[in-house]
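Heads up: the structure comes next, in structure tokens.
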Amino acid sequence: GCGGQQDSTDDAAPSETGETRDDLVIALATEPTQLDPHYLSDTNSSLVVLNTHDPLFRRLPSGEIEPALAEDYELSEDGTSITLYIRQGVKFQDGTELTAEDVAFSLNRATATAQSEAYTESFKEAVVVDDYTVRLDLLYPDVAVLPLLTQGNNCIVPKHVVEEVGETEYAGNICGTGPYKLVEWQKGAKLVLEANEDYWQGAPAIKRLEYRILAETTTAIVALETGSVDLVMNIGALDAQLVQENPDLAYAETTSTTTYYVGFNCAKAPLDNKLVRKALAMAVDKDAVILGAVDGAGVVAANVMPDGTTGAPAEADQPTIPYDPEAAVKLLEEAGYGPGELTVHLAVREGATKKAGTILQDQWKAIGVNTVVDTLERSAMLNDMYNGNLEAYIVGDVALTMDASMQTSTLDSSTIPYTNSTFYSNPEYDALNDEQAVQMNDPERRVEIITQMMEIEVEDAPRVHLYHPVSNIAYNKNLNVEVSPTVEGYFTYGMSWN
Amino acid sequence: MAKYVIKRLVLLIPVMLGVAFIIFSIMNFIPGDPASLILGESAPAEAREQLNEELGMNDPFIVRFADYIWDALHGDFGESWRTREPVFEEIFARIPTTIYLAAGAMLLAVLLGVPLGILSAVKQYSFLDVLNSVVAMFLSAIPAFWLGLLSILLFALKLRLLPSDGADTASAFILPIVTLALPGAAELLRLTRSTMLEIIRQDYIRTARAKGASERIVIWRHALRNATLPIITVAGMYFGSLLGGSVITESVFSMPGVGSLTITAIRSKDIPQVMACVLLMAALFCLIMLLVDLLYAFLDPRIRARYTK
Amino acid sequence: MSTPLIETVHLKKYFKTNSGMLHAVDDVNLSVQAGETLGIVGESGCGKSTLGRLILRLLDATSGEVRYNGENILTYNKAQMRQMRKELQIIFQDPYSSLNPRMTVSEIIAEPMRVNGMYQDKTALQKRVSELMDTVGLASRLENAYPHELDGGRRQRIGIARALSVNPKFIVCDEPVSALDVSIQAQILNLLMDLQEEIGLTYLFITHNLSVVKHISNEIAVMYLGQCVERAPSKELFQNPMHPYTKALLAAVPVPDLRYRGQKREAIRGEVTSPIDPKPGCRFADRCPHATEACRSQVDLVERTPGHFVACTLYQ
Amino acid sequence: MTKEKVSSRRKKSQMAEIWRRMRKNTAAMIGLAILAVILLVAIFAGVICDYDTQVIAQNMAQRLQPPSAEHWFGTDAYGRDTFARVVYGARISLAIGVAATVGSVLISGFLGAVCGYYGGKVDAVIMRIMDMFLAIPTELLALAIVASLGPSMANLLIAVTVARIPPFTRIVRSSILSVIDQEYIEAARACGASDFIIIVRHVLPNALGPIIIQATMGVGRMILTAAGLSFIGMGVTPPTPEWGSMLSEGREFMRYSPYITLFPGIAIILTSLSLNLLGDGLRDALDPKLKD
Amino acid sequence: MSEQLLEVRDLRVVYESDEETVHAVNGISFSIGKQETLGLVGETGAGKTTTALSILRLLPDRIGKITSGSITYRGEDLLAKTPAQMRKIRGESIAMIFQDPMTSLNPVLTVGDQILEALELHNDEGKSKEELDRRVEEMLELVSIPAVRKKDYPHQFSGGMKQRVVIAMALACNPGLLIADEPTTALDVTIQAQVLAMIGELKEKLETSMLLITHDLGVVAQTCDKVAIMYAGEIIEYGSVEDIFGDRPHHPYTVGLFGSIPDLTVDTDRLKPIAGLMPDPTDLPEGCKFHPRCPHCQEQCKTTRPPVIEKDGHLIQCHLFAKEEEAGV
């Protein structure tokens, strides 16, 4: 029964008797869709999957990558294959042992699945070398292969179970090597996980883990305050302030790897005009945007590459478009637009991007540009974005792999329209992009090339980078937990009660 | 009577087909291909194409609709595109919550609205009547989420009397049920009041008084039975609409109901899920209305006579 | 005899109901000479109003003919019928529900003329309305009044003025005085009779009040459950009623005269039989004290004495 | 023939009569007074405050201020003056409420009239279609419409209008049915009036009572529906000040700056309340049975 | 005259609304003896129903008010009774049959239950359920309705049967006084005859007094012992049936009333209706209320209320006879 446990969570602090708690309730704003690793397509599902399954490598909250199911690896000379040495003695939750078969099967299954395509684009095939060795062949040298292997979509599943229950049924019969097993999923309400006592790193400290779905932020914070929830992720700045004032609660934050930017459709009038784009970019006061969109909980972004991205210069050194509304007016004049003559449609979605849009509307008004802010549903937004129907849009880009390649490809003309929805096409940029991708052995040269690409971007202004929001957590002060910029960082195995 | 029920049930078929058609076409008007929604922004083009093809999105609209209906007639309502689970699995998981909420809210609304409405009618123009009416209008004008959030802040946070969320304990249902019930109670109060006012002017009420019946007998035995008809219609409609899910309340109180599922499904263009949700709700709604009609017959012999003929 | 102004031939109207065919009017043959009044009497629900509506084509007949000056108007198309509407008018039973509550008195009276485009000139129309109000005895100051402000007697006069406005030849009076008080009833009856004298109107006068019908009609038809069971000149019918139903009807009328006090009157026993899918034969048989087996088969209306028709086995 | 002699009847037009009875109803008069103030505010919004400098102009330094002499109702998350926005919002919200009500009343008036007057197959078909729409939850229908047509004031209007048509049609139809049984309809037919004239001149004016009441109450309900749609992100486009969207914009600040939601909330309640009071009063004034 | 069962003295009733005051009953007096039937006759709106409702104190709340007068039943003042005492009297001592049988029965209760209710409400002897049930059947059979039909609902009955159920209900407790308010106006002549015959029989059997309200003089002639003719809230003529229907001098209104009825036995070309219409009850004329319509109207009639002239128990309220009297004396 969960009823009894419900009661025990009513106290925020450890019970008076001094016994430490061994259960944990984490609030999630949206419900995971399904828990088959290779079919993951949303963050919260990944969050849960990374606690029930193990990837080959784990990314720590600090951003470092440490070995998980792979004890070690070896990259081939030409960079087109990576040999993975699998940890021995690891058991799936059904008691069978993990073998190279399972790893190869999982990687190949991910490669074959549309949902995981983004994380397996460079994978060709995984081949079993021996019982505990797998070789992953790549289609081309990919600097980001290790970060990719930390992702939920590349977690390892037991081959025999998938084959037994059938491809599509695994979601309902998950059986990973992870520290937790799913015991109950009340759709729309909560997921309850139980400690895997046989976990290869040892039994976790938290024995019962509950993810509770709390869509409304206010409700989640109230739940935290009343002690029915122990950890809430990504709360608003005002709520953060409230939490910090509460002696029973703790708060931590870090900059996230997400970048919010305005994308201009470079193939559609009037934003096919470089001058107009630049003018709009120069009129943006990013600090005001941060204040309005996330109540100040964000860091000004120079580009889509936050600090820590491999292959990119430190963010402070990245070239950026200056805030200069007067110059912007001049540019507009140059482009032939007097005050009030230009109208731009800006597509946003409900939430932070809509707020940012509302502020941009005001800022662009200051340089004589009228803005129509269209709030679209996700489906409509994506559709119009890919079809090139939008003029400008605000989106958030997650630096999944924290590697520059993935980020630079968003302006490469070969990825139009899906990855590159700005329809920006510049052969010079494309050439540089190809060049940086193969600089595996010369990181300095790579940084140089990428800086060059950033300069081109500043010149052509296909997008205006706004900010990296803060990634934060609010939690019961007796909980040991570290804030992480990525979902992979919230590995509950590392959490415990004081 | 049985014949009537069967006839009504048979009539359900064209109505459900109509509902299916309306929703299917609206869902197809909504821009966006399901593949991008399922796969996420970063999925490559080929994957999208392939998935769209798999889902049959490249077929003409009519073909897809016909396929859907054909499968549905065979009991196959498909799998959710989002979760890849049979659509009814998730719906059935959420239905108990929705039913508790709807039944609780309707019960509370009736228990509050009807007696107060009667009191108002009996004491027309009294202070109590005016107070009732003003409070009722006030309640029916308060936006639902405002009421919800305020009650959470007051009862869950300030007073710590009730939980703010969850559908595990009975106490967790109190706030959402009250939030849902108040506007309904207000509407029922006003309806009961005006119906009762009309009925107590009828000749047969005077007949009862002339027999020497006390006010209590006049109101409860003679007037109320006759006033029940419009009241149960409205209560039935209200219950029906509650069964359809109350997106706002569900979201504010984090109640896993059918309403929020439907909204999520619409947002992610999860056509099979949306279809199943709406069809189920529509069917429930129609069944409730049938029940209301049968209740009519039970309460009013004139209507009973019409059915039994 | 000359061609009657109005004649019904085997006129039938059946209504479809949940429980079967309701024979509201079942094979009725009547005729009215120009300038005369035919009274129709019968119990409530025996089909009097339905008959009136059939003649005006306010309802579509199931079968049979309605002849106006010898022509079957049931075959007329819409345009022809619109012309006919000016000739045939109706005064309704209920002066409360037959006047549009949102129109003023003059608007109501002018409506038929407006609809038929009889006057292009506004002042001429207004003048005609005033004339009509004068004719029926409505003060001209009431022209802007609304019906709800008036009492039943005045309302009924409005109805009469409306019917007269298009100069009809024939008027169906569907219980025009039933809802009114005796003194007002007398006023209206006098008015109708005066008008008949002045402009030679022809009436079909429907009522269940026997004293009234006797007073106003030249000839009376007695209806029972959709059928005409007896027809005779007014005086003849009262002096020499033949059909048992007619007799019962006449006997039931309470007379304001002490001489009849204490007299045991023979009331009809039993309830009215259902008009839905009636059995063949005399429909009064179930309540008739003289019923025999012969009554169970078709009984026709036959002329017993000149001008006096009756449908009863006692007289066959 | 007896001529009229009595002359005690006062002559009154129907409107004057209704107004006279309304005036006696204190509640209705309070409602009317509140509504009048709201209407005046809506009409003179441009005089009370300037759109460009007060309603939409942002001032991040002044965000989330409590009410003060300078900002009577405080400021919102963009530092805009809430008072100015509530005042201008009256225009938008009332426009939505009124336009949607008028739209749905016109359409369902037509459908209901056709159904009620002709009956039979037409009636059956239209009413079954209405039943279908009735069986689809309002919010979903509106959401689906806004999602498919895109968000804009016009589409929001379409959504709330469409959602209201089925129940409205029912009401119109039933009030028409109660009228067409009346003998004056038959009288109109007897004098040769066409169906069109009968519907327009005789049926509709008499069926108007319940429709008027539904309409007055409808306005408030439409504003609430629009507010509900704002909650699920289907509101008007920024920076338009509409009460419902102000309310939902402010909901995450409810604990920190309750004024953002308080004032538009009160505005919605007052509007709805005043229309309800007025509608109730109108119903009583129109109902001859309630003459005592 | 025998001991009076009901005595009404100088009763005045008004209906007051915010807008106007209707003077419905303006100082009427009459009495009903044991087993007597009093006919109350008058045009629509004369105040007949109002008088009846006043006796049972069932005037509409707030609006209807008895402003003066007394109503004595078996020597007790009804106007001084508490509501609870009044409820005991209603149904048990004084019962009423309302104008419209179609709407007087509760559509959702069986007729048996509705009759039973009247019995239960006044079940002072504590009779058992079975006894009461038997009484219900008895009552139904008394009005010629098979007892098995007690489980039926009003809509399953015809108008005449419904009226009979109402009568059964009213008579169930053997009331001393039965008030029948136009019991047959809504019915057909044939049914009307049945119902009237039945009321007469039952009255005999149960020894009940009756106040019969109607505007049908025919009905009065056949059933009443005494007659009161009302006009605009006043009784303008009062006497035995013989007085009213006999060849005596009458109030001009009574004369007009008789003249308005087409006579089945005599042929007339024209009826002689009373000219004009009922006065507006919110604005009654000065003096004699009938003067604007009276063919014998004199100056005096327009200003002073006529005195009541009595002649062997036959009362007439008219200046015409006042003068005669003076002249005679």
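Here the chain labels run A, B, C, D and E in written order, and each chain numbers its own residues starting at 1.
The rule is short, and it goes like this: a residue touches a chain if its C-beta (ideal position, glycine included) is under 8 Å from a C-beta of that chain, and two chains touch if they have at least 3 such contacts.
These figures come from a predicted structure and were not determined experimentally.
Under the contact definition, chain D and chain E share the contacting chains B, C.
For the criterion of most C-beta pairs in contact, the winning chain pair is A-B.
Chain A and chain B, compared by their mean Cα positions, are separated by 38 Å.
If you average the Cα atoms of chain C and of chain D, the two centres end up 48 Å apart.
We define each chain's centre as the mean of its Cα atoms; on that basis chain A and chain C are separated by 87 Å.
For this pair, chain C with chain E, the centres built from the Cα atoms lie 32 Å apart. Touching two or more other chains at once are residues 273, 277 of chain E.
Shared interface positions of chain C, defined as residues touching 2 or more other chains, are 187, 190. Chain contacts: chain D has residues 2, 9, 147, 251, 254-255 touching two or more partner chains. By the touch criterion given at the top, residues 202-204, 206-214, 217, 221-222, 225-226, 299-302, 305 of chain B touch chain E in their complex. Contact residues of chain D toward chain B in the complex are 27, 128-129, 131-140, 143-145, 147-149, 220, 224, 227-228, 231-232, 244, 247-248, 251, 254-255, 261, 265, 268-269, 271-273, 276-277, 280, 289.
Looking at the complex, you find that chain D touches chain A at residues 56-58, 60, 63, 77-78, 147, 150-152, 233, 235, 237-239, 251-256.
On the side of chain B, the complex with chain D involves touching residues 14-15, 18-19, 22-23, 26-27, 29-31, 130, 133-134, 137-138, 140-146, 149-150, 153, 198, 201, 240-241, 244-245, 247-248, 259, 262-263, 266-267, 278, 281-282, 285-286.
Looking at the complex, you find that chain A touches chain B at residues 2-3, 6, 33-34, 36, 39, 41-42, 114-115, 117-118, 121, 168, 171-172, 186-190, 212-216, 218-219, 222-223, 225-226, 228, 377-384, 386, 395, 400, 418-419.
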